[in-house]
Amino acid sequence: MIVVMEPGATEAQIEQVIARLHAFGFDVHRSSGVNQTVLGAIGVQPDFDVRQIKVLDGVAEVYRVTTPYKFVSRAWRREKSVFEVAGVRIGGPEVVVIAGPCSVESEEQIFRTAAFVAEQGATFLRGGAFKPRTSPYAFQGLGEAGLRLMRQACDAYGLGMITEVLDVSQVELVGRYTDIFQVGARNMQNFPLLRELGRTEKPVFLKRGLAATIEEWLMAAEYIMASGNPRIILCERGIRTFETATRNTLDLSAIPTVQKLSHLPVFADPSHGTGLRDRVIPMARAAVAAGADGLIIEVHPNPEEARSDGPQSLYFEQFAELMHQVRLIAQAIGRTVAERSPSSVRM
Amino acid sequence: MIVVMEPGATEAQIEQVIARLHAFGFDVHRSSGVNQTVLGAIGVQPDFDVRQIKVLDGVAEVYRVTTPYKFVSRAWRREKSVFEVAGVRIGGPEVVVIAGPCSVESEEQIFRTAAFVAEQGATFLRGGAFKPRTSPYAFQGLGEAGLRLMRQACDAYGLGMITEVLDVSQVELVGRYTDIFQVGARNMQNFPLLRELGRTEKPVFLKRGLAATIEEWLMAAEYIMASGNPRIILCERGIRTFETATRNTLDLSAIPTVQKLSHLPVFADPSHGTGLRDRVIPMARAAVAAGADGLIIEVHPNPEEARSDGPQSLYFEQFAELMHQVRLIAQAIGRTVAERSPSSVRM
Amino acid sequence: MIVVMEPGATEAQIEQVIARLHAFGFDVHRSSGVNQTVLGAIGVQPDFDVRQIKVLDGVAEVYRVTTPYKFVSRAWRREKSVFEVAGVRIGGPEVVVIAGPCSVESEEQIFRTAAFVAEQGATFLRGGAFKPRTSPYAFQGLGEAGLRLMRQACDAYGLGMITEVLDVSQVELVGRYTDIFQVGARNMQNFPLLRELGRTEKPVFLKRGLAATIEEWLMAAEYIMASGNPRIILCERGIRTFETATRNTLDLSAIPTVQKLSHLPVFADPSHGTGLRDRVIPMARAAVAAGADGLIIEVHPNPEEARSDGPQSLYFEQFAELMHQVRLIAQAIGRTVAERSPSSVRM
Amino acid sequence: MIVVMEPGATEAQIEQVIARLHAFGFDVHRSSGVNQTVLGAIGVQPDFDVRQIKVLDGVAEVYRVTTPYKFVSRAWRREKSVFEVAGVRIGGPEVVVIAGPCSVESEEQIFRTAAFVAEQGATFLRGGAFKPRTSPYAFQGLGEAGLRLMRQACDAYGLGMITEVLDVSQVELVGRYTDIFQVGARNMQNFPLLRELGRTEKPVFLKRGLAATIEEWLMAAEYIMASGNPRIILCERGIRTFETATRNTLDLSAIPTVQKLSHLPVFADPSHGTGLRDRVIPMARAAVAAGADGLIIEVHPNPEEARSDGPQSLYFEQFAELMHQVRLIAQAIGRTVAERSPSSVRM
């Protein structure tokens, strides 16, 4: 930590700051220039609140010089994290495509979707059984019946399964069915949930919160990893800005930024990121071009009838077109679209 | 709902939109001008997703004409909600002051604070036993021991108690001790938690999420109220903006805005709203001047030693000064600072 | 314009609103439902301030149903605007690349850069002679000497020229040298400048303001077009959000959004959009994948010595790599990178 | 400037950074800890772009330890700037009230308004003769005729005059009439205009840009002061955030923040800050309670007929009520509302 004293700071103020730093357990280096004194404090704990020093008299500014996260950082692990789930490699050179409806609505709906997206080359099926809805009057999901239908559809078509878990109390139940736990944007800082998922064996797909900085997002991943689970997939899904032409602003520059700071794979969700069907294809292409390790896309056999998020769900033919375009873009940057290893397909 | 067709929309497109509206159960009014056709759709459900219509061919724009919330609206209840908790009237002409440390740390700390803030005229004691912390390595609170200490301190000094609940699994435990449940900004859209609190008998203090619009905040309150609990206090605590000079941007205009849209009382939290001790007093004064029904303030007997949020906690003498100033501002706009009714003081 | 009355609005209030609408020159359609009355007002002027009606008693909400812009809209012109500047077609299927330093610094610097970017396939040279700098103590540009050097370098290497104009008083001077006038983000709503540029014969490259909505950006273009100049290129260059990991947040979803609303070509500026050299290549690829009609890129022969924006300027070899990747991405979506027509090369 | 090297930085990388710092003219202090090396660079120019160092290999982070502004800082001038304009003291303990219409529309309108606001205790008249309008089709002001009417009204009722200047070319003309030049939010970074106003003798009222950080706002003031004009009034008028319930979000915490960083007086504009008449009074009270040195308020004899911003203009009786409430709030914090010194009234 670096403490910059104000130009007019008195010797007494400087000494008081040094005393406080010692009291917090830091070693202190002092450099006094003509105008200003700067103190280097060595030994900082990752959770030290720098405002503790910032409020002292005579202090102009305080800078933390270490990242507050550790296990998720590139400094901890230089090479990218690569792991296999349901026979699919994640974090490797292949771009992984997850597709499916916003909510599981019926057996017919989820089976038709699974069949189609598997045929087009998706390797995971998405679908919500417990839905976090802004309105208490909106459809809240089929619950366990939805989980069961998804599992059956995944098994039938050789897809991995990913679904959202909303609360600590659902972890055990959802874990009986899914391959990957999804944590939604609204729960990115639900710390009891993050800790609980850190104690499970299954990978966690952690969406960025609407107002979360990249650092806070990585700290949320740190919660999971510090609790014992290293298999985390980050997912950019749009941040809240002043612009209202799209539902959110998909921050694609987060993709190269995260890849520089962390070894974790990072996906993009252009469906929630834009909220409008006709923006999904260009933004999916852009995400892959920016280097995303995967995509998660909403597809529905009949978007007009969808019980949630129909307007951002692709029609089947649009999804086929998207897969075609994504393959070309992946190729242009020397990647491919992931396929499931034949041995792992359970049938 | 109003559907505005594009200037060049064809008759077939217009008819298709009308057919879809009928299929969703709306009555439709058609007005065709020289350039444009506008459709009025009557009978909308509060949770109808207008994007369902927005994505149809030939549609330029869709406007919802009813608010998505009902019970929390002024249309549902014209007069302000006023209720008594722990002998203190909330939502009336009196400004209610809640004060206390960020976290309960020890018996001595919480008793000293309770004694002091009660003497100065606060009527509720705040303090966290379960802390949501950005870092997994930071102090996470004393848990039930903290709840017990707070209850004792409140009883000793005739204060009401308010403390945060992080998860559905804690509701029963926290409810055994507290008078008011606090829902933190990060949990504003933790829907299972909101529903659970809607089934309790105790008031809920609902902080605005960092990136929540006022409408989303009212929808969160609607979850609680639709589940059966009408006693809700809203609390503005700063939103996330591009400005980094303060921790958050305290949006005081939310106070008159909420008071226009809803009958619920609305408080302000200048401690989290600014994150810096020397901004707390001016912003507390400003909140009362803007019409806030109450304040929640962090106070600590020794802010330098606080285990969380010390830099935004007031010293005792600052809190005394704040109470003095708040009384003058309240008076200037024809209000007073709330006092506890003598009969209700349990000693 | 649609006026939605409050559920409890009185007949007198409704009649007063209708009277006001008539006074403003609107025809009024009234639809009264069981709960609510909705008024359709026909004949609105594009600049009508809807708040005029919103503040009347009994009014719940007012919606403008027409866009406030006209000439720049797709409704005005269905096909995309395509025009040729300095022998290069803009707005067509080819992706146009503009490259060069942030500021013109010396003859050697600008000639070396022009030679290199021309060789790699850029068709326009960028470079600032008048620089808008946040600090009054920073390098403010070479002025007319810089314009002269740029013109010479463009002529020598067969490139078109684009440079920024800061103020009405510079339009005549800059216009003597440049092929395209650039309006920077800070000047997007400098209305006297927009009007003045609307009276010139040369195309205008209009960057989006840091806090400008897409609608405000299109309104700024409308100023230029309403003053007589239809040749406008829009350029997304990042918006200001809470995220500080990148200098700005490049809003790539603005590209398909603008293309839906307007016929004008839209470019992207990943250099200012990210502010960091190593994010420029992935975001340039992403912009092309999202459908951008062109790119503007900062390149410098020696970025460490650049007098402005060195840290976001590419090294020559990085620019060569970027052109290679951009060609592949353009190809993947069925486009090419624009080349200058041989006949137009002046040598 | 502090340069923090990455934990794994090599000796060669460290030496290269030191060499670059020397080349830029810095003295360098090196502190090497067990894990990390930190370099202190002394002698930084205020405009040094820290990204120049940030992009070097092995560098983790770079912190500027001095503010980029000088003359406007509290370090440069400890006591508050106080100056008299048109017989009114600005920056002193008195709260100064500026009032008037958005635009000058007619002799009758401006004289009636001047008479009324003067009678209620305002000391300056506001009013636009050149209006920056989002739409090219909206009313753009009366031009010089408007300036003349305002001057006459000010002289008739003993008020100081403040009006907006949009462009360098208008400075001489506007300066012939006004007492204070207003720079609007959209022009906060119109650097040619700031420099030109820095060369005049009259005070400048500098509104904060919609997306401007407090630091950028102070840098804009620095442009004026570095060009020779020390009489600057800052004005908070709302920033752009995701919230759309109000036109902008009035950032009142900017008031105590600016007062800590700078000696310049700071006002608030609750009319533009909220955009809605019924929010103006509570937010004006809040601004004074937060410590604002003055207010600027839109008032119109007939807001429904106003040619611009009618919906945020107060009725006369509302302005009288606001003055009454502002006096009470000022008193509560030990201030008064400014009055014009009798000697200075020209009649």
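Labels A, B, C and D are assigned to the chains in the order they are written; within every chain, residues are numbered from 1.
The rule is short, and it goes like this: a residue touches a chain if its C-beta (ideal position, glycine included) is under 8 Å from a C-beta of that chain, and two chains touch if they have at least 3 such contacts.
Model, not experiment: these values are computed from the prediction.
Chemist: Consider the two chain pairs C-D and A-D; indicate the one with the greater count of contacting C-beta pairs.
Modeler: Higher C-beta contact count between the two pairs: C-D.
Chemist: Counting contact pairs by residue number and requiring over half to coincide, which of B-D, C-D or A-C is equivalent to A-B?
Modeler: When the contact pairs of A-B are compared with those in B-D, C-D or A-C, C-D matches.
Chemist: For subunit A and subunit C, let me know how many angstrom lie between their CA-based centres, rounded off.
Modeler: That pair's centroid distance is 31 Å.
Chemist: Go ahead and note the Å separation of the Cα centroids belonging to subunit A and subunit D.
Modeler: About 39 Å, centre to centre.
Chemist: Taking the mean of the CA coordinates per chain, how far is subunit C from subunit D in Å?
Modeler: So the centroids are 27 Å from each other.
Chemist: What are the residue numbers in subunit C that touch two or more other chains?
Modeler: Residues 211, 240-242, 244 of subunit C each touch two or more of the other chains.
Chemist: In their shared complex, at which residues does subunit C touch subunit B?
Modeler: Subunit C residues touching subunit B: 2, 4, 6-8, 29, 31, 33-34, 36, 38, 40, 42, 60-61, 63, 65-66, 75, 240-242, 244.
Chemist: Mind listing the subunit C positions that touch subunit D in their complex?
Modeler: Its residues touching subunit D are 20, 45-47, 49, 51-52, 54-55, 68, 132-139, 166-169, 186-187, 189-193, 195, 209-211, 216, 219, 222-223, 226-227, 240, 275-277, 303-304, 308-312.
Chemist: Of all residues in subunit D, which touch subunit B in the complex?
Modeler: It comes out as residues 211, 213-215, 239, 241-246, 249-257, 260, 273-274, 278-279, 282-283, 285-291, 325, 328-329, 331-333.
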